[in-house]
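Both complexes below contain subunit A, partnered by subunit B and then by subunit C.
The block that comes next holds the complex of A and B.
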């Protein structure tokens, strides 16, 4: 299994390399506008634009290898926007943002704890809520609880997250004049109470909203498993219901559930942009959003590669968890 | 040469319609009675489509007209959903907001989903390298959070509905190809295909005359999930200020304006647009679920929209 993990991880650099080339094409080749115009805005003077071109190396070709229709067919340049970016990125330097000139890496590191906390807490709520109610609704099929869970599951996929989060801010304020400590980010260690007062309700709303897919899947998988022979045998030999459900049924439903947990993670991860925007949390989601608005290409370039890395790692973890849950799954 | 095996008789056994030869309307009434939730959802969808076409003519006020003395009126007799900061009628803006979503959904459907569906049928039916290429690209595309893809494309091409249409359209292309590929894979092993083949029909003819009519209903399933996703994403992007141009009546943008202009004092500015989005997305989701249950219980739960 270790060998399998190492082999899968060895693909990671290749995937990141491909993603970096694709995003470079998307951000720098396809758009027809002059990037210097994008940085400077409409009222930049020609002189300023020249300075931008000089500073960000925009006069270099985008890729080091260019292909022509006439001789010489292939030419290689020493400097190009992509190769310069790549060589620096390999040393951990992802350049400066266009808007503030600060290092992309230090901005990312600053925003990371807040994003991590919101994604982690939301996922925890999502998983607890999704699995608990999915199992209960399968156990008590066609009961009132089951109907409630099923209605909830449809509502959860239909009500947008930004609506729920807006209500979370507005309703307590309208009814009880209670306002959440919105804005900025106070670390958990510095001031735990203020931190949790903001993050717990927010993560609760995001988590519950995101749990509907998981809940649906847990319910259908459990219904299938509960019908199987080994579950009937386990109850017949007099095991307590709790141990039948937890160690016989739930464990055998484990692999599809882990897949859904992976999907839930991707959903929560994507949703962090909206959450951070509405609650003004200074995390990487807000960083992504603000950079999109100002079309800050170095930031987007880095965050795209980072997102690809996260997605690949999560998929790897999900695959490895199969072997951990189900001894029949063997990787070599 | 048309033979008996190629006629309607055999194809109809796999068909989704009710077997009786009842009159058109009573068949519909019966389907509606068996699926009351689906029927209500379908009615909401019809209302949405009608509003999308004629919305502003039903509106009691001009949705863009500003009237400063009437600002921030609560829901009441004159304005049933209240008024905005500029005294615009919230109810009229919601009626008119259906238009942008209907147009958006239609564009995504025609330029993304339908070509994707065609590709899916061809790749599922004839397979090989085309199938491999489409499936791997679809997997790569759907692995990323949709919102991140949208933001990356917006950073490249600038904000606006055009960019959002492009990205959501690509998503629908892959979604359509996936759904119809799954259907075509099942369909190509059915007896009527073998029967048609045994009469000497060419593959193109089988695909066009036999497979296509049988998978048509699944286009409707895809249509409802395309609209559910389209309405949700248009609202999200307009909420973030990256979709419609400022001032255009759009549920997502209006909700955002509501939050910005003091939603904690005037909650109707937030609640009504939010309910409009949720209701329409819910209706499309439920309509899709119902259609899928009627068509093919085996596909239950396999193609639900992802957030």
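The block that comes next holds the complex of A and C.
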């Protein structure tokens, strides 16, 4: 399994490289996107725009290799926007934001704890809801509980998170004049109560969205497993229902469930950006949101690579979990 | 309560922060220009102040209305967006957000001109002289900077003032601005005296669109003006408030500066900004008592909140200085007066007011109606014609101009709700005259920097910032020169003459007439920016918040007289 993990991880740099080239191209080559205009703004003189191009290396060619119609067909430049960015990125330097001139990396590190906490809590809620109610729904098929879970799952998938998050603010305010803590992120160690008042409701709402798909998949998978011979045998042997469900049925349904958990993570990851925006949590989600709005290219470039890296790693973890859940799965 | 009920309204209470500056501070076009650039007020007497009596308005409050102030306490207010940096300089419009916020709090200024009086109010300057029409000599009072390294509380000198103005001039301006277009030089003749020379007489020199800008008139210590690393994180000034802390631009905490030049101000010990980016969350926080003041998005929210909180709060309203407009680029087909006139006839301002702000606003001419002294009277013949809505006449004019109704016109707008909603209404109204209008929504930054800023549009519509004086709204029509032409690429000698005649008239009484005359010329030439309306804004505060300055333009944003009447 270690060899498999290493092999999969070896693809990570290739994927990140491909993503970085693609985003670099899209961000630089799109028509009407003169970055000097964006930085310099209205009525910047040509001289001022040139100064910005110089400062941000925008006068260099985008890529180190240029292809021409005439001889020499291929030329290689020592400096290019992409190669300079890549070399810096390999050293952990993702440049500076256009808007504040601060290091992208330091901004990311600053916002990470808040974003991690909301994603983590949301995923926990998502998994707990998804698996618990998915199993119960399968166990009590066609009962009121089953119908309720199915309706809930459909609603959870259909209703956008920003709407639910807005309700989370409006309803307590309307009914009890209660407001979630304002002022953004407070660390769990610094003020546990305020931290949990801020994060738990938000994570709950995001978790609901992420759990809907999981709930339906768990239900379907469990229904299939519960009809299998070994479950019937386990029940016939007189095992307690809890033991049958947890040790036999659920474990065998684990592989597709883990796949769905991976998908739920991606949903939660996206949902956390909206949550940070609406709840004014000054984490990476808000940072990325604002930077994208203001066309802060170094941040957007980093965001693309970071997101790709997270998705690849999550998929790897999901794949590795198959071997842990199902002994029949062997990685060699 | 006034538009500026409790200082910081721009930011903490969303009117500017969220609706106008959101994301980038880029707001409406004129936005930056509004604050940045040229200069002001009044007469030729030594203080630069007008001899004409101020025109009081019923909602003007100077901060003393609640009796003797109690010192101390912390005012909790909303911060609509995190500041990207503490550096008030560019590049470009990226500095507007922090430039304004810090300008109203951390940095001091030479003077300020409240909108209601138009009279220059000395701040750091204790004496202002104009020996001739092009020169201003100001004497500084005693003041010290905040006690932070490397400045360490030293005295403010005239060289700091001169260096600060020059530093702001190094940055990019927009259109025809005072720093670039009018100011010739600024020098410190000694430690306490600053001499400003201008390329031409400029009547508005002291106002907030000019040398009294809360942004580009900010005074910083000379030694940090080029220290970008320091300014990215901290702000050091000599204003009433010390920047005590911030969480990467969010949750800014301000502390009273005990050595401020006016030891009796501010009354509060601190101002606690709470980052609340979402309007709904902001309103919930206000209802829950987490913040002390709030600016509403609309009348309905204001009324709902009043009925929910009853006599715990005061809800008030005031006519805003910002205004919506439709701007045309001066090129075919809009280089034909008849076509422009027809477009204006197709605009139904009453309907726009009803649809967009529930009728809660006033139609505007070339100047927004909040500039009471300067606007044309409602019954003015030209203004009546400007406001006239007549589809049949518009069609006749289009027909006479040989306008091709088959052509598709593009109306660009930012995706900000206020601009997007206006665009839809205009599309509808122009459609009634047979015009095919295609809406082109754009991200705010792109729209500002690449469409409006580059005059890369056929038609565009947006909400202007709340300018403090009539100068900037008129200056938008000035032809400009070189790379500083106006957004419309419009050049009209008669309009230029009329606008400059007002701007260079130092006698206020005469200037008021010239401003009115300039508006008439703008109307009669069907200059290609048609202003639509200014809305009435609604704000609220808990009743323990006292001493607010209201109805005086942005003066209240300095937040020096507000106090709290609670234990």
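Quick note on the criterion: the second predicted complex is superposed on the first by the 327 of 332 C-alpha atoms of A that agree within 3 Å, B and C clash if a C-alpha of one lies under 4 Å from a C-alpha of the other, contacts with A are read in each partner's own complex, and residues count from 1 in each chain.
Heads up, the rule we're going with is that a contact is a pair of C-beta atoms (placed from the backbone, for glycine too) under 8 Å apart; a residue touches a chain by one contact, two chains touch by 3 or more.
From a predicted model like this one, the values you see are computed outputs, not experimental measurements.
Asks: Quick check on the superposition: with subunit A as the shared anchor, is it clash or fit for subunit B versus subunit C?
Replies: After superposition on subunit A, which the two structures share, subunit B runs into subunit C.
Asks: A:295 contacts which: subunit B (first), subunit C (second), both, neither?
Replies: The answer is both, since A:295 touches subunit B and subunit C.
Asks: If we overlay the two complexes on their shared chain A, which of subunit B and subunit C does A:81 touch? Say first, second, both or neither.
Replies: neither
Asks: Of the two partner chains, subunit B (first) and subunit C (second), which one does A:155 touch, if any: first, second, both, or neither?
Replies: first
Asks: Classify the contacts of A:211 with the two partner chains as first (subunit B alone), second (subunit C alone), both, or neither.
Replies: Touch status of A:211: no partner.
Asks: Of the two partner chains, subunit B (first) and subunit C (second), which one does A:166 touch, if any: first, second, both, or neither?
Replies: both
Asks: Between subunit B (first) and subunit C (second), which, if any, makes contact with A:110: first, second, both or neither?
Replies: second
Asks: For A:267, decide between first (touching subunit B), second (touching subunit C), both and neither.
Replies: Only subunit B is touched by A:267; subunit C is not.
Asks: After the superposition on A, what does A:277 contact: first (subunit B), second (subunit C), both or neither?
Replies: Touch partners of A:277: subunit B and subunit C.
Asks: If the shared chain A is used to align the two complexes, which stretch of subunit B, 8-16, 242-250 or 296-304, clashes with subunit C?
Replies: Residues of subunit B that run into subunit C: 242-250.
Asks: Subunit A residues touched by both subunit B and subunit C?
Replies: 166, 169-170, 173, 179, 277-278, 293, 295
Asks: Per the contact definition, I'd like the list of subunit A residues that touch subunit B in the complex.
Replies: Of all residues in subunit A, those touching subunit B are 23, 26-27, 30-31, 33, 154-155, 157-163, 166-167, 169-171, 173-174, 179, 210, 213, 216-217, 220, 263, 266-267, 269-271, 273-274, 277-278, 288-289, 291-293, 295-297, 300, 303-304, 307-308, 311, 315.
Asks: Within the complex, which stretch of subunit C touches subunit A?
Replies: My answer: residues 23-24, 26, 29, 32, 78, 81-82, 84-85, 87, 90-94, 172-175, 228, 232, 247-251, 274-278, 280-281, 283-285, 287-291, 308, 443-446, 448-450, 452-454, 483-484.
Asks: Touching residues of subunit A toward subunit C in the complex: what are they?
Replies: Spelled out, the residues of subunit A in touch with subunit C are 32, 34, 37-46, 48, 52, 97-102, 107, 110, 166, 169-170, 172-173, 177-185, 277-280, 282, 286, 290, 293-295.
Asks: Residues of subunit B touching subunit A in their complex?
Replies: Interface residues on the subunit B side: 143-148, 151-159, 228, 232, 235-236, 239-242, 252, 255, 258-259, 263-265, 267, 270-271, 274, 277-278, 281-282, 285-286, 289, 301, 304-307.
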